[in-house]
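Two complexes, one shared chain (subunit A), two partners (subunit B, subunit C).
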Partner chain A sequence: MPTITIDGKELTVDEGKTVIQAAEEAGIYIPRYCYHPGLRIVGQCRICLVEIEKMPKLQVACYTRVQDGMVVHVNSEKAKRARQQVLEFLLVNHPIDCPVCDQAGECYLQEYYMQFGLYDPKMIEDKNKKHKAVPVGPHVMLDSERCILCTRCVRFCDEISKTSELGVFNRGDRSELLPYPGKTLDNPYSANVVDICPVGALTERDFRFKVRVWYLDETKSVCPGCATGCNIEIHTSKARPYKNEGRRIARLKPRYNPEVNDYWICDYGRYGFLFVDDDSRIQQPLVQKDGQFNEVEWDNALYMIHGVLNQALENGKSVRILGSPQMSNEDLYALKRFGNEVLEIHDIPVTVKPLEKPYSDDFLIREDKNPNTRGAALLGFDTDHAATEKLLADCRNGGVHSLIIFHHDLFKGFAAEDVRSALDKVETVIFVGSNMQPTAELATYILPACTWAEKDGTFTNHAGRVQKFDAAVDPLENSLPEWKILRRLAKQFGHAFAYFEAEDVFRDMAKKVPAFAGMSYRALGDRGMVINENGRPSQQAEVKEELTVVSK
Partner chain B sequence: MAETQGILMPLIQSECQILKNYRDRGGYEAAKKALSMTPDEVIQEVQASNLRGLGGAGFPTGRKWAFVPKNSPKPVYLVVNCDESEPGTFKDKYIITKATHALIEGIIIASYAIGAHTAYIYIRGEYVRQAEVLEQAIQEAYDNGILGKKVLGKDYALDVYVHRGAGAYICGEETALLESLEGKKGWPRMKPPFPAIEGLFRCPTIVNNVETLSYVPFIIKNGARWFAEMGTERSGGMRLYCVSGHVNKPGVYELPVTTTLREIIYEHAGGVPGNKKIKAVVPGGSSSPPLRPEELDVPAEFDALMKLGTMAGSGGIIVMDEDTCLLEILTVTTHFYHHESCGQCTPCREGTGWMDKILHRMLHGEGRIEDVDHLEEIANGIMGNTICPLGDAAAMPVLGYLKRFREEFESHALYKKCFDGEFAELKAAS
Partner chain C sequence: MNVHDKYKPLTWWDKTYIPLVIDGLSVTLRHFFRNIRLHILNVLGIKTKERGAVTYQYPEEMRPLWPRTRTLHRLMRREDGSPRCVACMMCETACPARCIYIVAEERPDVQIEKQPKIFNIDLGKCVFCGYCVEACPEDAIRMDTGIIDIASYTRNGMLLTKEQLLNIQPKVENYVARPDLVEGQPIY
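Let's look at the complex of A and B:
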């Protein structure tokens, strides 16, 4: 392994590493625009120029591979001057319209200008004019004048989404990023180009002008959109509810996890959060009377539900549950206990297969649109669609007195006739979920569950990776996490579930369910752990954040 | 007509785009000789001749050939750079149209030496008629068993293709040329890997200039020593000089590389019209820094010119008499590089345009004295910091003119007119 010296620090790095990677290992951040660890190296922006002894010219740190005995000066006068000049060049035709640019605050032109900008501009000529505010696709807006032609987005479309919509047209300082004629940037991963754009050239059409980025809070989370469980950050705007049309969640951003999604997420996941602040959210327990839903207090609702279920059990009638793989491991574990210990139900189906086969690919998007089917299976739920089918058949035969449905809209998985004929025969339908939908409307009691963004918990993805997500915002109005609802309902039956936080449920589950043995919220860390199939859960190294600026 | 001296000149003057004429002058004998040698022997011969890349970089040709990995599992390609687009350069087009078969013979020998069975000639889009002549000559060579499955009856196959460019200066840069040849946008590649290791279609590739290859048959025929002795210690033979600008007889002259610029201008190109004084001479294409009249007693050769901080480049000598406005010259030159910058990497893309704007402003009488320093700073920011040499090509003239003729630009900035004696007094007084 070669030993090199960077700014006086001697270190041994792996063969084949580039200077920029080696410097990062030594804790020295070299500025970059075109370099992105997830994309091909092109050496175009030249901002990472460094001085290497015995080489006549400055070299780009992103492309130059380390060699034994190499002595690199990142902060020599010559290297610093070159970077300053490259930044000066990048701003020659840049409009410098930060006050009206949505990227302001997370722009690497601003970032580096603060660090090593010229502060005394010499440019007095007229700037080149290019296309502005071009909607290049359903999610992405392009401002060509702000573009620094780093070609990250072009390479993303060539190498990651493999759709090749974008190219650089024309020559010299007339060069311009645009979609190829007749093409739009419309692929399932299109909005990733916004994340990797280091400047304000590509902005999100959904997010732009909604809220300034410095008002946002960031929470680590996991995408609930499918069984992949891409790591994400939830960006919330809590302090200024009048911005962003009252939406608390401003946007989702991918979070680096080489074991799952690298640097990327799909557009379905990225824009799949809108239900959280949607008008259809259930905010208070509801009781249906004569076709009308009336709001009741939690205690009243739980008291009434207890009464119905208790009577049914005492009369020897059947109470059944339909769980959901949308629920976290914690919720499902509480449900399992509630079923087993309180209602003595042991077969709980969770899966409703959608009538139409959902879109999937061989990259990140999986056919199973539930984040926790694997977790449900590990906890002993029946994840076969046939089990749900049988449950509905039992209902249709009049064998079910009360049915508790979690989250599912049955109309998405069964013909409307089949759903109605089944639920009509059920005396009491209790629905637990976050948003109003056709199945919920058939229920007698509706209990408001909060969304994944409003609670702590874990999902187990298709590959058995248990990943932690944190609450980004408070539960809306009177909604509660399902495990809390179940704890309260169990209490009505005289059962005490001694859980105060989601972590308590997880701790209990890790103790009792072998697959999760040895896991804890702390051990899961930022990248999660793979379920315990042969004794010990596997753990991964600490996360290295991409694009973290080490300020001097 | 008296027999012209030189190597390629006599061919050019005797219509060697026609096979019979070339054969009459001993054509394709060298290729036969080369095919009976081993490839290594051919490379050694070329190496010993001190033949250097005459496209402008001056890299020793034989040494370049030796970089091709032996027994590569991938095919090896020869690419002929005929994108001659450096302003002030117009030699290759004479070879293509008039000494075509010498080029084809050079291609055969070079391909054999590096183990290539396919050669591509990348010709600039503007050379329409030249490309037609080239195609005809290649067809003639195929028809006469010179190219194809059995080259000159020997057990060696070679196919030659002509690919026409679309009119970009950048595609004369060898890696941009390869990208263009592959059907992509002409953006230069990062090096390493160098083309000899990973070039066209990611296979080992040698890119040589037309003139370079055209000398190869004569080196094989007459021996390396014959060629080397015409030149200096490190650079052999003759080369074609393209003389343009303020001379009485502009044109292409084939002379030994030891000839001085003054000899070329005054003895061969007939001196300056009206016996005016020379103000500046660009020795090797528009990207080479200019020389002052007192510096002209230098051989127009790679190493000697490099010592003066300029370069022999493509052999394009541009002579400017005393009445030339150098601001105008530099503005036109910089505008060219601005127009032709590919836009891939930042310093060249933004720097060339910026310099162009400053120079145009100065030319329109709105210059400021600090602009002269700014130009120098911008050029220094481009120099050596780009992916390919186009950045350097744009920066060198700016730095060169400012180094040797700074007063011309200061005069324009301060007094909105070209430098004259008056200015010196004014400047001394200020």
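Let's look at the complex of A and C:
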């Protein structure tokens, strides 16, 4: 293991590491454009030049491997001056159209220019004209003029998505990033190139001109799009609601987690948040009367539902529940308690398999589009599709008086006539969900649940990793988290669930369910904890501070 | 030491307040007769360089504005008539009163890319600090119209839209002419 000295700090690093990685371990930030820890190293941009003793010239920190006894000066006058001049070269053909550029505010050209830029430019030539505002794919907009040719996106398409759509064409100062002729950047991971682009060359089309990035608030969360549970950040625009067509969530960005998704996220997940601010959101409890939905207060709705369910139970009629793996562990635990203690139901199916097989691959996108199927299984729910089929068959035979459906659109998993014939036989259908959809329209009572972005909770992903997500925005109008709905409904039956926050539910669950023993929101941290085969949490998540840009 | 110690104690003659009343009234009367004399002479066309009391008959008579006075905002246009503004939202960010509301949209001209779809200034909130003008990288917003009589019967009337801001006619004549500026050069 070589021992090296970086800016006077001596440290021992692993064999084969490069200077930039070693410096990161020492807490020294070296500027970088082309270097990205998730991609191959090319040494393209030269901004990471450092002075290494006994070497005749300055070396690129990203490409130079550490050797025993190496003495590196990151902040020597010579190295600083070199980086300043490299930045000047990178800006030779940059249009400096920051006012119209969506990257402004998170742009590394701006960042480094403010830190060590040559404030008195020597360049007097005219700038080259290249392609501007080219939509290269369904999600990505390209501006070749702004590109500094770091080739991060080219390498991403070669190595991570393995689709090779992008390339650098022409030579010299006419070099230009473009898609290969006849190709469009439409792979399922295409928008990741926007995240890794250090400048404004690749920007998102959905986010384009909507909000300036410095207006955004960030919340750590987990993608609800599939069983992988990619770590994300929800960027919300709360202070200026007139922007972004009233959408509160501006965009999603992947969050680094080496155990789950590294630096990446798929496009389905990235643009899967639009339902949160959709017009179809249910904002008030609704009661159907003669085919019309009337808005009622929460207390009235719960009182009526209690009346219906209580009468059914007293008359010995059957009340059934269809849960959903879209619900968080907390919601499912509250549902389990509600089923067991209040209604005395012990078999609650949760899974509805879609009719069409959804897209999946062997990288991040999984076939199971629910974030918490594993959690539901661990909590003792029946995650087999056949159980739901049997429930519908019972309904069709007239054996079910009342049915509580959480979130599911049954028309996506069963033939339309099957669903209709089954739900027609059920006297009272109660739907708890966030958005209006065909199944909800068949219900007598509709209770508004909030979406994952509006509540705290945890998901258990396919590998048994329990991950925490935070509320990014307030619940829309009168919607509530499912566990709160169940708590209030249980109170009508005279059962007190002593939960005031999602954390209370989790604490109770950690005590009662062996799979979650020893877990708490604090212990889960940013990376989550894994449930091992004997159903015990095995691994304490190691939380490493992300190295941020350190000013000189 | 008590601060009041610096005042001389009043004598019995002072305590009658007769000298102070005479003193004060003499100042008033001096101005009164001076103004009467000058106004009559000015009306007759004599001694016009010397003016009477400096009272502006405001709505009819405008007090000249100093060239740097910040007055009502306006949005500038390009040579082709389109707004100079590129909706970078620097003014909106800099605004301490949060009175600027911008929503951006795509501009047909791909070289400029961006333009405001909505650009509202709520003058009921504006504090006329001029930070928006300082922040603008395109010289698209200025506060040089010379219009200071901004009033409305409704709150909505104080909200100026993009079209209104683009079509404001500046009243340059309200500004005082600066003799130290070269003739022909705009004073704002």
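Everything that follows uses one rule, which is that the second predicted complex is superposed on the first by the 537 of 552 C-alpha atoms of A that agree within 3 Å, B and C clash if a C-alpha of one lies under 4 Å from a C-alpha of the other, contacts with A are read in each partner's own complex, and residues count from 1 in each chain.
As a working rule, contacts are C-beta pairs under 8 Å (C-beta built on N, C-alpha and C of every residue); 3 or more make two chains touch, one makes a residue touch a chain.
Computed from a predicted model, the values in this text were never measured in an experiment.
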{"item": "Subunit A as common anchor, with subunit B and subunit C clashing or fitting", "value": "fit"}
{"item": "Contacts of A:Val100 with subunit B and subunit C, given as first, second, both or neither", "value": "second"}
{"item": "Partner chain in contact with A:Ser360 - subunit B first, subunit C second, else both or neither", "value": "neither"}
{"item": "Which of subunit B and subunit C A:Ala133 touches, first, second, both or neither", "value": "second"}
{"item": "Which of subunit B and subunit C A:Phe209 touches, first, second, both or neither", "value": "second"}
{"item": "Which of subunit B and subunit C A:Arg171 touches, first, second, both or neither", "value": "first"}
{"item": "Subunit B, subunit C and vertex subunit A (Cα centres) - angle in steps of 10°", "value": "90"}
{"item": "Comparing the two partners subunit B and subunit C, which touches a greater set of residues in subunit A", "value": "B"}
{"item": "Touching partner for A:Met123 - first (subunit B), second (subunit C), both, neither", "value": "first"}
{"item": "CA minimum distance (subunit B, subunit C), superposed complexes, angstrom", "value": "22"}
{"item": "Overlap of the subunit B and subunit C footprints on subunit A, listed as residue numbers", "value": "none"}
{"item": "Parts of subunit B lying in touch with subunit A, wherever the complex brings them together", "value": "168, 170, 185, 190, 338-347, 349-354, 357-358, 361, 370, 374, 377, 380-381, 384-387"}
{"item": "Interface residues, subunit A side, partner subunit B - complex", "value": "41-47, 49, 56-58, 63, 82, 85-86, 88-90, 92-93, 122-123, 125-126, 128, 148-149, 167-168, 170-175"}
{"item": "Complex contacts: residues of subunit C adjacent to subunit A", "value": "86-90, 92-93, 101, 103-106, 110-114, 118, 137-138"}
{"item": "Subunit A residues touching subunit C - in the complex, by the definition given at the top", "value": "97-100, 104, 132-133, 208-210, 212, 214-215, 240, 242-243"}
